[in-house]
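Below: the structure, in structure tokens.
For clarity, chains are labelled A, B, C, D, E and F in written order, and residue numbers in each chain start from 1.
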Amino acid sequence: MEKKEIWLESLITETPQEGRELAIKMSRKTIAAIQTDPEVRKKLRPDYANDTAQLIASANVVAIEFQTIAQANNYWRK
Amino acid sequence: MEKKEIWLESLITETPQEGRELAIKMSRKTIAAIQTDPEVRKKLRPDYANDTAQLIASANVVAIEFQTIAQANNYWRK
Amino acid sequence: MEKKEIWLESLITETPQEGRELAIKMSRKTIAAIQTDPEVRKKLRPDYANDTAQLIASANVVAIEFQTIAQANNYWRK
Amino acid sequence: MEKKEIWLESLITETPQEGRELAIKMSRKTIAAIQTDPEVRKKLRPDYANDTAQLIASANVVAIEFQTIAQANNYWRK
Amino acid sequence: MEKKEIWLESLITETPQEGRELAIKMSRKTIAAIQTDPEVRKKLRPDYANDTAQLIASANVVAIEFQTIAQANNYWRK
Amino acid sequence: MEKKEIWLESLITETPQEGRELAIKMSRKTIAAIQTDPEVRKKLRPDYANDTAQLIASANVVAIEFQTIAQANNYWRK
């Protein structure tokens, strides 16, 4: 039986920048959960990496994910 | 009389990753509530699974659903 | 004089799943408030029910409405 | 000198349904603030009222506005 | 050396309606920060002012900005 | 070994306007994280800077990022 990869242990990060990286990772993992074939994803990559409308739409997703992460980390206030 | 399936008992999950899975499930259930024919949904699947713009739009929905779930779980803070 | 239908008495629901149903209802009622002709709405239905991009956009609306409902219900925490 | 119309005195409404109506009004007032010519707006109306993609996009705006109104009203909890 | 214009001193406004105006201003200032040439912006204006899809997308931005402003003002509750 | 640039030390800014600038920076950094080739990004720039639909979509991203920053700064209330 295939063991499921655990890739999201926590929303807590050391720094805001690590929070950004996690937001990007979360967005990518959603895409991978819908289009499960890594070969297809690789082939599709130029479709969005060279299309500004899709890059902007991706940034929208990351902004939402980051908002959640920032809330979880109480905005990394000291 | 058809008995309605109960698929959402709670927003509480054990881990953030289970929260991601629930977010994806919630998104899919909305689609199924609008396009109720499972055969049509199956036929439509390649339309979005191979279209990066639609994959990104799907990730936007999942990000919003996850935000709600994360709030419900108090961000799984320990 | 036409009496206005009261369709939204409260945001409080018994269960999360009823919250989902209310979110879908709220989305539909907005459409109906903009396109007020039920015959036109019926005719338009196949336009989005068979278009994955529009199904995903609909799911985005439902996700936002549900977030509001979940907050109103304090996430149905016990 | 033209006196500016005051159309938004408060975000507080008696009922959730009045909150929905205010959300729709707020969305429309934004459009009117950008496209200030009422004749043009009237001419443009069929463009979106018969286009499901635009109806759904409108519902997205209303959902966001309503979220703000619901928060302002503490979700009309009794 | 060019002195940068300070256009956003505060998110606090006297009334909700002034909050709406600030939300529209914030949206416009973002566009101006990306497309910095005022002549180009002027030329582009008919592109969106006569396109309902873009008017609706603009209203989406304003709704998000207003949500932030409303939170900042504690919803102008008395 | 390449040292990673640290560009986001904190979400705290002195003023709301600096918060706007940070929101724009965050949006741009996401694009740069997805399309990592600076030459390609430069070439793509006219694609969105002259397309009002994409300018509006960019403003949507900035609005979400700013909402997070405003929350982090407690809306710069005095």
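Following the convention adopted for this analysis, contacts are C-beta pairs under 8 Å (C-beta built on N, C-alpha and C of every residue); 3 or more make two chains touch, one makes a residue touch a chain.
Everything numeric here is computed off the predicted structure, so don't read it as measured data.
Engineer: Can you name the chains that touch chain B as well as chain F?
Structural biologist: Chains in contact with chain B as well as chain F: A.
Engineer: Can we say the copies chain A and chain B touch using the same residue numbers, with more than half in common, or are the two sides different?
Structural biologist: Counting shared over all numbers used gives less than one half: different.
Engineer: Taking mean CA positions as centres, which chain lies farthest from chain E?
Structural biologist: When every chain centre is compared against chain E, the largest gap points to B.
Engineer: Specify the angle of rotation obtained when superposing chain D on chain E by their C-alpha atoms, rounded to a multiple of 5 degrees.
Structural biologist: Here the rotation carrying chain D onto chain E measures out at 60 degrees.
Engineer: Taking each chain's centre as its mean C-alpha position, how far apart are chain B and chain E in Å?
Structural biologist: So the centre of chain B lies 32 Å away from the centre of chain E.
Engineer: With centres defined as the mean C-alpha position, give me the chain B-chain D separation in Å.
Structural biologist: 28
Engineer: Among the residues of chain B, which are close enough to touch at least two other chains?
Structural biologist: Those would be 48, 53, 57-58, 60, 64, 67, 71.
Engineer: So that we know how the chains sit together, what is the shape of their touch graph: line, ring, star, complete or other?
Structural biologist: Drawn as a graph, the chains make one closed cycle, so a ring.
Engineer: Beginning with chain B and moving on to chain C, name the chains as they sit around the ring.
Structural biologist: B, C, D, E, F, A
Engineer: Within the complex, which stretch of chain D touches chain C?
Structural biologist: For chain D paired with chain C, touching residues are 15-17, 20, 24, 48-50, 52-53, 55-60, 62-64, 66-67, 70-71, 75-77.
Engineer: Enumerate the contact residues on chain A facing chain B in the complex.
Structural biologist: 6-12, 26-27, 29-31, 33-35, 40, 44, 47-48, 51, 53-54, 57-58, 60-61, 64-65, 67-68, 71-72
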